[in-house]
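Next come two complexes, and both contain chain A; in the first it sits with chain B, in the second with chain C.
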Partner chain A sequence: MSDQNTGPAKKPIGELLQSANRTFLYFILFLVVSLSLVVTQIRKVEVPTRPEAYTIEAYKILRNVPPGGVVIVDTGFTNSSRGENGGQMEALLRILMRSGAKFAVLSWVEPQCIEIARGFIRTINEERKAAGEAPYREWEDYLILGFFPDGPTMLQTVHQNVREAWKTRQATDPSTGEKKSVFESPVLRNVQRIEDVYAYVTLSASGTMPTIVARIGKQVKVISMITGVMFPEQLNYYKSGQLKGLVNGLSGCVELEWLMEKGIDAAGVVGGDAPGKPVAAAFKGAKNFDRGMAYYLALHSALTLLILAVAVGNVGMWLTNRSKKR
Partner chain B sequence: MNLENPTYVFIKMTAGVLATVGLYSVLYKETKLYRFFEHMFLGLAAGWSLTAIWTDTLKDQWWGQMVGKVDEQTGLMKEPAVWPWAFVVPMAFMAYLIFSRKHNWISRIPLGLLIGLGAGQAFLNWFNLYGPQMQDSVKVLIPTTFSSLTVPPAVNGQPDPNVYLSQAINNLIFVATLLCVLSYFIFCTEFKSRFLKGMSTAGRLVLMVGFGAIFGSTVMTRFALFIDRMYFVWIEWLWRSVLHLS
Partner chain C sequence: MIPLAQATQPLSFWQAEPGSAKMWALIVGAVVVGFVAVAALLRTPTRVRPMIVSAVTFLGGLYFVLHWLWPTAQDYSPDEVPRNAVEGFSFWLQGTLPSVTAFAQSLGAMLLGIGIYSLLSIHLGRLLKRQKDWFFSLVFTLSMASMILFGYWDWITRLTPEGAKAASETPSLFPHFAKDLLFSGLFINMDAVMFSIIAFFIFSAAYRAFRIRSTESTILLGTALIVMLGLMGGVVVSQDTLLNSLAKPGESVIVDSLRLPTIRTWIQDNLQSPSIRAMEFGLAIGGLAMALRLWLSIEKGVSH
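Right after this comes the complex of A and B.
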């Protein structure tokens, strides 16, 4: 007897669940993320978090930079990882500027990194002006050391003689309008050796940190702010004490913002109110939650969607296998 | 051009939004719109890099040192010219001889110098990099105190030197994992003992668990990139620049 059903064969539910249209999934992701961002913007959503030990250590060091202490900001990210490194950079600049620290920015990963860092400094300076605070001035408060095409060799020289490594770098002294050696600037004037630098912070989307740690890790406290992709590899360096602090991607950025808001009390408790000098004080009343928290609800929504999609696919596979066995 | 001019900022952001939409259109399919923005992005990045390498590096570190510096007021040399810097030009051009069939051997000279420099540094820094990690792999497996099963809260933020039971268990898991994973990478001999075979299999399994954790972290990065672009389009551009909402 011939088959009477001439229409298209109906897919079993198991196969149907496994063959969701990819474009449709992208569209759902687009909707979920967009909606979460808008909701966060309107309702000022603050998703609670619990900072990890490595983020706490990073915050303790950065928050306790003495006024005038020098921090080297080694920027190694472009707009391709702005989602994670961008928020970290903003949090770092806020902490340094509010602490009165001086900092010098350099890069050896990509020439664009310097211009991107300048953009972030401009943004935070605008924020300071709007809040009635003095903006950070180039030469006086911070320096742009520029791009170094051969980072490993530059760092090797920094290990031996920081003045030799950066001796050709110049910046404009606004008081005379003349280009001078960066070591004449108030930022690096007192830096004779790399040990005179309080901390070396690297923000990167790639594996630049081992190059830094191998060369100057014993002389200066190195903190790494990295993307989630690089985090598992770098955790080893934190565990062995080669890194003094670590900030992991977007979640690390939110943790840093959380610590800026809550602080660490004298008993070492985040958000606690034990009497005495806090281990790392909060910046009460200042703008602490920004890019990290703005993205956090969207990240949770996207991850929920991913888990749901994986679960649906697995149920589909299970149903298909079960029907085949029958 | 005043980079802070609001009109310029708005035009710049709108161009960014168009580029974002153009690049993400690849999720639908690879269209001419996507190819246009892809080429534009690569061209801009290459152009920018070239300029930055000159202004940030070659101008001061090579040209400036080679020609020296003249004091504009006195007309005298302020910094002497170090003419041997001129020798790096033929050295650099030697690398391009890789494209010549007859003379490509010359390109190996600058390449060899660079590799030699890198190898010397790598040799020097190897122990600085891995020494502390090897040292840290030696863990205390026996608790030094049983006053508490878990690590008590820190007093005045100071670390406790004692090793508690939970830490000892954690250390045991770490050491077992390390040995299992290392045994998986022993290829020079065949494991005949069931114990060693089991260790190698366990090593493979824990490696997979590790890769799974790395995948989770990787997903966060990919989502963060997408979220950032959407934030740029909806909040930074539409919300703040077009609608002027706070």
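Right after this comes the complex of A and C.
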């Protein structure tokens, strides 16, 4: 008996291309994404992007909050979507703090969202201290309104009377050490109605935005910062004018960072230098590219790998079909 | 309009200053009343219980339906005098909303408590009876207990201004360090890892399942390709630069139509968004029907 008959039969190339080992696929993805992250960190790679109209609108609103203007930050994301919402939150905080805006943080999705938001505020404050800027102070510059177990009814009351909705919420006045109503703080002192708030920004990985738009969408500019998965659903609300700005996942986060770096000139051109007051100025010389840009090359690599993998599988199927026909 | 000097709204009977004796008394009272109500409900005849649940559900739903449908004043103020019965009822609806909201917040918080009770009863039971996978229940119980212990310890030490200052200036203080280690050091990263694992499954599944076997799958694959390429800013800008060498934007309709953002926006505006809009309309109508069934206790499993 010859060895030829007992040896394992060689798989045709078409079948080989279709049957890559799962562990091998996982390893390749891990390797490519990790390398992309390392390369971005070492070489400070800046992948170019072209901001979408909805991101530009969001930036225009946020960049033009007057000093002392109040923004409500409705945080509804946990660490599972930190890759997308985390970068958006950091960019949002940088824009608000650099513009001198005041903001109040609340959540009605999960109790841990507030703790996560506190972590991001701490990080950006540390960054400001390192850059020689004054850190944002709780009570004076920002407030933590806390967690609301039933968001829809809270928002219904905000629609009717914001002071009624948050009247039991307190924060510590550092000058006296006393717990006081949040409406005594410089942040909300002048807010009598929700219309007095400049913008309401929701950061979420789920469909919480329609609940907000349905209740207070006509009274305040609502901006939504969401994950890429939720984006198509929310685009309809932007198209209908119910949302004033939209930031789409990681690519939206990079677009926001890009706009912070390049700005929008008087002619409305991103990165342009038309004379006159810019529509939304850039933050020249400040740290604008961060988490979004850090992950952007990895997103490119992962998507390219995905396209290649699908192409390889299809070529394999085509070769197999061709050999069968023969 | 509320005067500027009026910084805080007066509290209703159902509300109290956080940390005050009245607040604790209300909490204890609510828990006692809650237990009594549940005990009373358990003692009522079985055939009467669904009727009580249905009546409470109906009244709860009716309040919000009326709040939505009844004409309401635009700038309602509690000291206004109604001109007629319709306006009087409208004022009552608007005036009671904060109390109803406070009640809803309390109910929501109680649900969190019920969730914790449910988890503990399952896992402690499994642990004490040494059932299958009891070790995981032990890990869960210990993790939960330590997070609660150090979370509250940290929170209590931060309550005073001195404590808050000490916590921000000396992060190595034990309760802060322990809480940070558990939350920021372990929980945040494990949560992120759990979610990122999905990328591996998607990658493997796309490789195995995305095949051009029919016209429909070809259209799907082509669309997915364009959307994926459109998400890659580097590709979009490179393609733009290449096409700009043929014709500047606005100079040639054909060249402009080949730009990735143009194709992607066309797909989004003409195919994706209308489809999702249609689905959302369908879901909303379904949701309305389901809400009606729940409100009127027609849905089986709610009151039966």
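Of note:
Following the convention adopted for this analysis, the second predicted complex is superposed on the first by the 322 of 326 C-alpha atoms of A that agree within 3 Å, B and C clash if a C-alpha of one lies under 4 Å from a C-alpha of the other, contacts with A are read in each partner's own complex, and residues count from 1 in each chain.
Criterion: contacts are C-beta pairs under 8 Å (C-beta built on N, C-alpha and C of every residue); 3 or more make two chains touch, one makes a residue touch a chain.
Quantities reported herein were computed from a predicted structural model and do not represent experimental measurements.
Overlaying the two complexes via chain A brings chain B and chain C into a clash. Applying the stated contact rule after C-alpha superposition, one finds that A:306 touches each of chain B and chain C. Touch criterion not met for A:95: it reaches neither chain B nor chain C. Contacts of A:177 after superposition: chain C is touched, whereas chain B is not reached. Touch criterion met: A:236 reaches chain B and chain C at once.
In the superposition on chain A, contact is made by A:268 with chain B only, not with chain C. When the shared chain is aligned, chain B comes close enough to touch A:114, but chain C does not. When the two structures are aligned on the shared chain, A:190 is found in touch with chain C, with no touch to chain B.
Using the contact criterion defined above for the overlaid structures, shared-chain residue A:73 touches neither chain B nor chain C, since it reaches no partner. Of the two partner chains placed by the overlay, only chain B lies in contact with A:218; chain C stays clear of it. The superposed model built on chain A shows that, among 76-84, 166-174 or 202-210, the segment of chain C colliding with chain B is 166-174. Chain A residues in contact with chain B (one complex) as well as with chain C (other complex) are 26, 29-30, 33, 80-83, 111, 115, 148-149, 153, 156, 168-170, 228, 232, 236, 239, 251, 299, 302-303, 306.
Within the complex, the chain B residues that touch chain A are 27-28, 45, 48-49, 51-53, 56-57, 60-61, 64-65, 117-118, 121, 124-126, 128-129, 132-133, 135-136, 153-158, 210, 213-214, 217-221, 223-231, 234-235, 239. Across the complex, chain B is touched by residues 23, 26, 29-30, 33-34, 37-38, 41, 60, 80-84, 86, 110-112, 114-115, 146-149, 152-153, 156, 168-170, 210, 213-215, 217-218, 227-229, 231-232, 236-237, 239-242, 248-251, 264, 266-269, 276, 279, 291, 294-295, 298-299, 302-303, 306 of chain A.
Residues of chain C touching chain A in their complex: 1-2, 4, 7-9, 11, 15-19, 64, 67, 72, 76, 94, 97-98, 100-102, 104-109, 111-112, 160-162, 164, 183-184, 187-189, 191-192, 194-196, 199-200, 202-204, 206-208, 210-213, 221, 225, 228-229, 231-237, 240, 261, 268-269, 272-273, 276-277, 280. Contact residues of chain A toward chain C in the complex are 20, 22, 25-26, 29-30, 33, 47-50, 52, 78-83, 111, 115-116, 119, 148-150, 153-154, 156-157, 160-161, 163-165, 167-170, 172, 174, 177, 179, 181, 183-184, 189-190, 192-193, 228, 232-233, 235-236, 239, 251, 254-255, 296, 299-300, 302-307, 309-310, 312-314, 317.
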